[in-house]
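Before I ask anything, let me first share the structure, which is written out below as structure tokens.
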Amino acid sequence: MSYARPNFRHPKQPENDAGFTRRDYEGAISTLCAGCGHDSTTNAIIQACFELNLEPHRVVKISGIGCSSKTPAYFLSRSHGFNSVHGRMPSIATGANMANRDLLYIGISGDGDTASIGMGQFAHALRRNLNLNYICMNNGCYGLTKGQDSATADRGSAGKKGVPNPYESIDLCELAIELGASYVARGFSGDKKQLVPLLKGAMAHNGLAFIDVISPCVTFNNTASSTKSYHYVREHIETTNTFDFVPLQREILTHYDEGTSQEVTMHDGSIIHLHKVDSSKDLTSRQKAVNNLEKEKEKGRFLTGLLYVNPEIDETHDLINSTLRPLNTLTEEDLCPGSEILDRINSAFR
Amino acid sequence: MSYARPNFRHPKQPENDAGFTRRDYEGAISTLCAGCGHDSTTNAIIQACFELNLEPHRVVKISGIGCSSKTPAYFLSRSHGFNSVHGRMPSIATGANMANRDLLYIGISGDGDTASIGMGQFAHALRRNLNLNYICMNNGCYGLTKGQDSATADRGSAGKKGVPNPYESIDLCELAIELGASYVARGFSGDKKQLVPLLKGAMAHNGLAFIDVISPCVTFNNTASSTKSYHYVREHIETTNTFDFVPLQREILTHYDEGTSQEVTMHDGSIIHLHKVDSSKDLTSRQKAVNNLEKEKEKGRFLTGLLYVNPEIDETHDLINSTLRPLNTLTEEDLCPGSEILDRINSAFR
Amino acid sequence: MNKIERINDFVIRFCNVNGSGSASANNLFAKAIFRLGVPVSPKNIFPSNIQGLPTWYEVRVNEEGFLGRRGGIDITVAVNRQTLFGDYQDVLPGGYFIYDSTKPLPEKFQRDDISEIGIPLTSLCNEAFSNPKLRQLLKNIIYVGVLSFLLDIDLSILTGSIKKQFKKKPKLAEPNIQALEIGFSYARDHYPDTCRISVRKSDKLTNEIMMDGNSAFGLGAVYAGATVTGWYPITPSTSIIEAFERYTNMYRIEEETGRKKVAIIQAEDELAAIGIVIGGSWNGARSFTATSGPGISLMSELLGLAYFAEIPVVLVDVQRTGPSTGMPTRTQQSDLLACAYASHGDTKHILLFPCDPRECFEFGADAFDLAERLQTPVIVMSDLDLGMNDHVSAPMQWESDRKYDRGKVLSADDLENMQEKWGRYLDVDGDGICYRTIPGSHPTKGAYFTRGTSHNQYAAYTEESSEYEANMKRLLVKWQTARTLIPSPRIKIRDPEYTIGLLFYGTSTHAAYESISRFSRNGLEINSLRVRAFPFQDEVIEFINQHSILFVIEQNRDGQLRTMLINECEIDPAKLQSILNIDGLPIAASFITDAIQGSNLITIPESLQKQNKPGGKQ
Amino acid sequence: MNKIERINDFVIRFCNVNGSGSASANNLFAKAIFRLGVPVSPKNIFPSNIQGLPTWYEVRVNEEGFLGRRGGIDITVAVNRQTLFGDYQDVLPGGYFIYDSTKPLPEKFQRDDISEIGIPLTSLCNEAFSNPKLRQLLKNIIYVGVLSFLLDIDLSILTGSIKKQFKKKPKLAEPNIQALEIGFSYARDHYPDTCRISVRKSDKLTNEIMMDGNSAFGLGAVYAGATVTGWYPITPSTSIIEAFERYTNMYRIEEETGRKKVAIIQAEDELAAIGIVIGGSWNGARSFTATSGPGISLMSELLGLAYFAEIPVVLVDVQRTGPSTGMPTRTQQSDLLACAYASHGDTKHILLFPCDPRECFEFGADAFDLAERLQTPVIVMSDLDLGMNDHVSAPMQWESDRKYDRGKVLSADDLENMQEKWGRYLDVDGDGICYRTIPGSHPTKGAYFTRGTSHNQYAAYTEESSEYEANMKRLLVKWQTARTLIPSPRIKIRDPEYTIGLLFYGTSTHAAYESISRFSRNGLEINSLRVRAFPFQDEVIEFINQHSILFVIEQNRDGQLRTMLINECEIDPAKLQSILNIDGLPIAASFITDAIQGSNLITIPESLQKQNKPGGKQ
């Protein structure tokens, strides 16, 4: 049951440039466990949409199944949403996106939903560079089915049952880079300051933006021996370059010293300014991006932040050369060759 | 229809140390297209088994669906085989391997079978380091369904229809390394000299050995504009270190100069001697292995040979700590707790 | 006010918030009644989330042993403020409403036909305990103490249970016992002589056990010698594998090495899970998996392969309402068609229908014999109610000299001594079942290449129509053989005139028998047949033919068993009336009784018409 | 010897090796007959591999227009040495055996009841052509030239076809024409007056077309305005998407930009393919996919979701024999149950059964209207025979003013002007169909969260039993509505006494009508009903009730349509006799005739009993 939020609106809620208040981006009250990382991630999504001045009804939310996949009910209640089946968010999102390239698509998934049952669809949405914001709320476990290890659980990490996971874990960001995502980032639900700009950058990006959000499960995987607990993550986090996301509409005021910043211009003209800490962290090279991740992993640390970005890669619609008009707006006139042509075709079969 | 081969046996066929002739490792006559790369790969498998002195009936062949997946009919007719369904070879092999850890498992798949429909199972067999020789006969297309591009088709490569593939290709070797395979190699069906030892190394390896065999489809993807044609591959091949595979039984006679060779001891005591050409090609580091691949790719070349090996990683049975005895040999005595214990269990529910 | 006044015959409902630790308190209560020898059946009605949403635990106590859902609530223990008003209204007139009176009831709570019993649970708890986690948990224990007084349940039964539960950590027992006593004393001091419902020790239960069907099935698989499982988590089937794992950890550890005589693989999805089972079985290890509806859908291609390639498979479907974003925590019997005809092409699968934990254990074990004997998938059709709720049941049984029936498998010796040419798909015995071989058995004989249907009798590839056709028809011979091997139906003939017959299966059983018995008490005798397996045996057809009025009771919308009966037994549909419960809750006897009465097919005894029935709800 | 002597009525079989280029030669032959106005039906019987295995091309020529398989071969063109002897033996007595006499026939070829016609195809070809690739291809053309002489087919028809085919590369036409002439001359010189079978120009075909069902369906989807498809290659369905792509490349390119008004995504598997369709439809674009049995199995979970979440889906199942390693290149009608009840839970899907290319086009287009009107999956049941073989058929038709029926979709204006509260699952019109909205339409109205069944009428989450139950029952109302919208059956009443009725569907149609006509010619009139859709309309039930003896003709083992008829129409199974062909080849009229005669249910006219029937085979 999702309870309707009281309709009362505080008169002084600040509005964004599009005239919406933050509340216009909210959804029903969450029914997740108190303290669940997914709720923080939900909040960050709301914040990012608010700050980007999105029109709520031009956003589409699609999810699979899991605690994470329930969250679209808790943000953007003015947007259409689709809670589909386990592991199939990417294909539903592909179809939806093909039908109308003009909306903004947010795909929500979990680590079970993505790294196990959904592995194939994940890989191929990446390969096609679908114009989708793919947000994986990663808690290293199957929350909704009561805490089994997922494929992103680290080897040796133990959840509520206390049994260490014997298997190699899958690093979804490395995989995403390997498989062709054009924007890859890792965030932490506990660090909204970093997460919101990562989400904004993703939404401004044209192509598949994959964001792996470490989003602890307080009920089943927040134990002392879990590497996806709030405590452990906080202690082992390492960030890439910090960055500013500057939307097109805004005047660029900040000034960066030569050499300290890398500038990436997004498809819509927005600019991402990366504050370079370490020159090896060139975020537009796939190979270096993976090496950065591996290096931190060897030190037992999670690398967060923007990991890789390449705004130049064509998204699916461009790869298949489809019309710029939303396909779902085309009518008989656009689509049907008509009866005369059919007569001609019939003749060809005589 | 696979025709039975005439039973006539030439009296002077050479025998291997186990007393088998090469013919003992053969199968029915192939029904693939004349010149199909898969047939050469089949021959290399036969050769490798012969040279390794395997007992044919202790080998199990499992495949998915495709021209490639038919090949188990064409080798090792004395072994049990299973032509299953499309993309599910890894799970069938997992079950079979769990049932009896003492046999040698050869899994045959195609690039369609592995990189598309089978992506999830591929990834997870790797992650568990199943003790399996996973051979993917990679022709960049769907042979059996008449030549559609597969997910390993290179961007821009064109098959019989002449339409260049717009999508990013998936490099199965990189993925395999990324996802935890413990032995990763790439061969070319046209280079038996290299392929046979790669297969032998794989068979001696304890864990998941993934071999990506570029195996051209003469009927649908051997065109001038295809990057998986015989011609193109021959022109663009680059090999890692060459190597010798020395089975345990053989006395080690060859001598290597210090520094020119890297020695990897396999689980069964066999040794792989790598002849180092370039010190960057350290084959026991995942990161370097991937970088090697990427580097050649940037030059537009296929890197073949042994790409990565780590004989130290536990295979699935060890990860789950299962008995060393084949599970399928256990009997009532081993497995059934008996009626007295059941009485006790019943009491616990009172 | 006419207070409800009964001994060992009532329904109590606990209204909680999930994730608040109420489950063990409620279970403690149910178990206490069970230990007093009184038949009891708890049903947990829970939401598809982890924490913070309403959950109900409905316990029926019935000396006569009728343990289906009854409908109607005599006593409510209302702890969840989210649902307080609805729960209040659901109490039957004359019933009792126990609530946390730390806060007073709001104004609109104005019934005068029930007894309100306010217990300041929160404040009592906060006074006694300081640890916040304990506070939350023990609030639940306090109301069990309250009930102990109100229902006259010996407190020592409850304290005994707690001591047993905390045997290894006796420190933890203390506060629990203290909480029980707090509740007991408060009720004694404030509500003497209030409740006219009570529990009295009985001799109705002697040898019975109380457990959930999933645990029983998991244990059955251990006994049957299952060694390979691939599985994927899904409610309500997960606890089968958990039980299997728990018991293998107890009974399958190799003494010398500490290694396990089992391979349990959490698969990446259901396609892989069934693949693992097929691979394991094909290679000679008893293998199984468990899932629910969505998993069945995903497994269907491979189930078809197993049917055609003739590979044993044991699969449990713990049914829930479809689809994935349906009501996954509600019970239903709606996967029959999906399972019976799973996969494309002409396929049919063996189904077994257990009705209680003992049968879960028994069919759990038998399924492996059947699957190997018949070399085909055997699907055990359980459901959420059976799988996840505790049920009172006869104890599990195992013949000490029972041997596994591995079916027609040729050993190395068999192959060695064989004179004839072996054919994997050669019907030597005329029963449609052929001899199979296991990889690695013999150096030169018995190897073959397994495929679907494009093979001849010797497993060689062919696309010859006549070979194909002959093979497809042999599979039908095997199907006939199956009818002689699977569990036979349970038939109860009470009316030798064979007027009315009831057919049902699985978790409709208790409610069906209760309804029959109510009719019987009013002079109308009804015969019954409990279906235990598919394909249907001759007894089923005979039973249907013998009766003129027949009802088929199911917990699905489309009458799926009826469909199968009509089809496979060539029954005139006009003969079979459906009684269908689809609300996602276990079917109640009153629902069946009403449906039979409402059908206008029979003359209802007047006595029955007049009886007042406890109300519905939920 | 009694030579077979016939005009425009014979069966010829070409025996080739696949991958040898015979397909286009054989097609040239069939097309020539078609262009002479003579009804003809070619059937390609091919192996599940790419090159080197036997393949047969069976062409029936029948002036009367009976175009089902007949069985029995009058003329054989034997080019494949692998199957030479079998092919030799299959020729009917009095028939003709044309073979490559470059090598003599082996000794055991010793029939004296057929005419052997040796043509040294290989040497003729080698003499005339030097290019090895041409040599292989033109060998096939030579035998077409031979047939031109033997069967008296005007050579200019053939040369005309060739010129048309190579319009763009006239150079290539030359050697083909030369090859035709070589064959013609050789036969004229060596086998004058040998063959008594001939083809004569006819006026039977005037307006007809000859094409395969898959192309027709692909074109139907273009006309219906489909814009999104996700698909995965699988024989025999792939050519639907290929046709769709071909025609969109012709008719859906935006002039100004060169961009395509379509999105065709080759998916990673069938799960993704159906997911893409669901996503596309949900978002307001007409979307479809095509697959065969294995794909249906894999799609079943998502099909269930589409049923419950009420999303339009158009899916074509081009049926083949199961499973994957069954005989994927053989035809069957064995996925009916898998499709009708696809997915777990209580699900039912609309099925359409086209019988020829014209209906493939028509249903192809109608399926989109139905799916959107009914907001549910519509599955078009084709099969390999219909999809991949060429069929003579009435031309495809499109009303020039036809508008798409997009069903109950609320536009931005509708939403803006709406006074009442909109409910996604509110049955405003009482037909079980509710109003849906498309993402992005309106700033404040019409957004909702799509889920399976755990919702109330306003699409808000609920686990309330009564809401669930009401919703499930509304879906049944919609099912009733569907019966009024789907294509009605084709009924032919010949016998006003209503004695015998035949029911059939899809590719059994031609054979069924032929069999009926044979009975008719012998004085026995049989009525027929061709099922065109599921659920079944009242007409179907009436037809069944009217008749005393009923046969249901199907191409599967288990009588799947009969099962559905019994079930859904509440028919007494005893009324329906199955006639089942399961050999993977298109059903033949003689098979049906035999089955009806063999049933002992009817008195067979003596005249018919005596008729000698051409033999079976294959």
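So that you can tell them apart, the chains are marked A, B, C and D in the order they are listed, and the count of residues begins at 1 in each.
The rule we apply is simple: a residue touches a chain if its C-beta (ideal position, glycine included) is under 8 Å from a C-beta of that chain, and two chains touch if they have at least 3 such contacts.
A quick note: this is a predicted structure, and the numbers were derived from the prediction, not measured.
*Asks:* For the interfaces B-C and B-D, which has the higher count of C-beta pairs in contact?
*Replies:* The greater number of contacts lies at B-C.
*Asks:* Please flag the chain sitting at the greatest distance from chain B, going by CA centroids.
*Replies:* So the chain farthest away from chain B turns out to be C.
*Asks:* From the C-alpha centre of chain C to that of chain D, how far is it in Å?
*Replies:* Roughly 45 Å separates the two chain centres.
*Asks:* What whole-Å value do you get for the distance between chain B and chain D if each is reduced to the mean of its CA atoms?
*Replies:* 40
*Asks:* State, to the nearest whole Å, the distance from the C-alpha centre of chain A to the C-alpha centre of chain B.
*Replies:* 35
*Asks:* By the touch rule stated above, which residues of chain D touch at least two different other chains?
*Replies:* 47-48, 268-269, 294, 301, 305, 323-325, 451, 463
*Asks:* Which positions in chain B are in touch with at least two other chains?
*Replies:* 1, 83-85, 116-117, 119-120, 123-124, 128, 151, 320 - these are the residues of chain B that touch more than one other chain.
*Asks:* List the residues on chain D that touch chain A in their complex, please.
*Replies:* Within the complex, chain D touches chain A at residues 34-35, 208-211, 219, 222-225, 227-228, 230, 247, 251-252, 254, 257-265, 267-269, 271-285, 287, 301-302, 305, 395-400, 402-404, 437-444, 447-451, 460-463.
*Asks:* Name, in rising order, each residue of chain C that touches chain D in their complex.
*Replies:* Within the complex, chain C touches chain D at residues 47-48, 292-294, 296-298, 300-301, 304-305, 307-309, 319, 321-327, 329-330, 332, 334-335, 337-338, 341-348, 451-454, 463, 465-466, 468-469, 472-473, 476, 556-558, 560, 563, 566-567, 570-574, 582-585, 618.
*Asks:* Touching chain A in the complex: which residues of chain C?
*Replies:* 19, 47-54, 232-235, 238, 266, 268-270, 294, 323-325
*Asks:* Touching residues of chain A toward chain D in the complex: what are they?
*Replies:* Residues in contact with chain D: 1-2, 4, 28, 55-58, 60-62, 72-73, 77-85, 88, 90-100, 102-103, 120-121, 123-124, 128, 316-317, 320-325, 327-328, 330-332, 334-343, 345-346, 349-350.
*Asks:* Given the complex with chain C, which residues does chain A contribute to the contact?
*Replies:* 1, 31-34, 65, 67, 70, 83-87, 112, 116-117, 119, 142-146, 148-149, 151, 219
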